[in-house]
Amino acid sequence: MPYVNIRITREGATKEQKQELISGVTMLLRDILGKNPATTFVIIDELDTDNWGIGGETVTELRKRKD
Amino acid sequence: MPYVNIRITREGATKEQKQELISGVTMLLRDILGKNPATTFVIIDELDTDNWGIGGETVTELRKRKD
Amino acid sequence: MPYVNIRITREGATKEQKQELISGVTMLLRDILGKNPATTFVIIDELDTDNWGIGGETVTELRKRKD
Amino acid sequence: MPYVNIRITREGATKEQKQELISGVTMLLRDILGKNPATTFVIIDELDTDNWGIGGETVTELRKRKD
Amino acid sequence: MPYVNIRITREGATKEQKQELISGVTMLLRDILGKNPATTFVIIDELDTDNWGIGGETVTELRKRKD
Amino acid sequence: MPYVNIRITREGATKEQKQELISGVTMLLRDILGKNPATTFVIIDELDTDNWGIGGETVTELRKRKD
């Protein structure tokens, strides 16, 4: 009965991509650890780029500099 | 000083229900473990059904099939 | 299918108290929000008092001062 | 490679304040534990005052009573 | 720069299985969402079966009944 | 009433360093956002290097290669 929490920046992940991610992670847990998919939770949090920092700055700033 | 995080799908929990949940959990921690309500945090995350997976599929898909 | 994470300091909660907490929270979610107990997860993290801070100091220090 | 999650109520923190928080926490981890800023994540969750409880009641109620 | 937290009961997952899980999830995020593995964190929490509840009871009890 | 969760690998952080981190983060939240230290929680999780992955491999492997 694993619980998986995936946290990413909100930058356009589609419904289909999220579905793929959920099913992919669920299968990994079944294949590697024998976990039952019926009680495997996969929860995706999408966060604003203003609220995600790496290297001491927000992803918003990071993306700007890269453009 | 417990911290409790309740994660549910966003499917219409009302302000009153959330208040009830917060006070109920706080009382449980006081009654069972003697924890001080003044420093008990209860935080509710409501997640989109597209972002919650169980059994390898999203709750969005699950709800559709049940209708 | 709620996920509940209860975080407390490791200060002697017994197996029985943890069982009571798990069943109490599960019942609250069923009674207030109609959530199915079969897919309700309640996970308890017990943390060292050195690793828990409130008011800018560790619970270890707080406990000492209270003695 | 630390991961830091800051959870606050959504009550008007600005972009600049969030940036300050991210850089401040990243520097603390570098100065105190020698952690590399390049792989330090700081993620801020802002929650509705209806979804945050302390002392058994929501912050929404708490704020009302204080006015 | 995703952050993934996998929470499972502590029931003997090996070093190798954990390594496989970490690399599998990292590859999924690269393949599905184009996320850079260099800044993908995967963190595994292993919890005591006394501290994990499902269906209102601990996994410890659940395992006993199944034997 | 912020909640801060700092997750690091278990590689020898001392009691004093953890105390410094807790007080530093609490002060940042007071100075930048005006948050009351009395209801600021800072919780540190220390994880085994086998349970922390970055770039698709565990920190255990990463450390070995660096030696």
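All chains are identified by letter, namely A, B, C, D, E and F, in their written order; residue positions are counted from 1 within each chain.
In this section, a residue touches a chain if its C-beta (ideal position, glycine included) is under 8 Å from a C-beta of that chain, and two chains touch if they have at least 3 such contacts.
Since the structure is predicted, the reported quantities are computational estimates derived from the model, not experimental observations.
Contact with subunit B and subunit E alike is made by A, C, D, F.
Taking shared numbers over all numbers used, the subunit A to subunit E interface scores over half, which places it in the same class. Chain centre most remote from that of subunit F: B (centre = mean of CA atoms).
Counted by residue number, the contact pairs of A-D are over half the same as those of A-B, the matching pair from D-F, A-B or A-E.
The chain with its CA mean position farthest from that of subunit C is A. A separation of 26 Å divides the Cα centre of subunit D from that of subunit E.
Centres computed as Cα averages put subunit B at a distance of 14 Å from subunit C. Separating the centre of subunit C from that of subunit F, both taken as means of CA atoms, is a distance of 20 Å. In subunit A, 1, 3, 7, 25, 39, 41, 43, 45, 52, 54 are the positions where the chain touches two or more neighbouring chains simultaneously. Pairwise chain contacts present here: A-B, A-C, A-D, A-E, B-C, B-D, B-F, C-E, C-F, D-E, D-F, E-F [touch as defined]. By the touch criterion given at the top, residues 15, 18-19, 22-23, 25-27, 37-46 of subunit D touch subunit A in their complex.
Residue ranges on subunit D touching subunit F, taken from their complex, read 1-9, 13, 17, 20-21, 24-25, 28-29, 32-33, 35, 39, 52, 54, 59.
Of all residues in subunit E, those touching subunit D in their complex are 1, 3, 39, 41, 43.
Taken in their complex, subunit F has these residues touching subunit E: 7, 45, 47, 50-58, 60-61.
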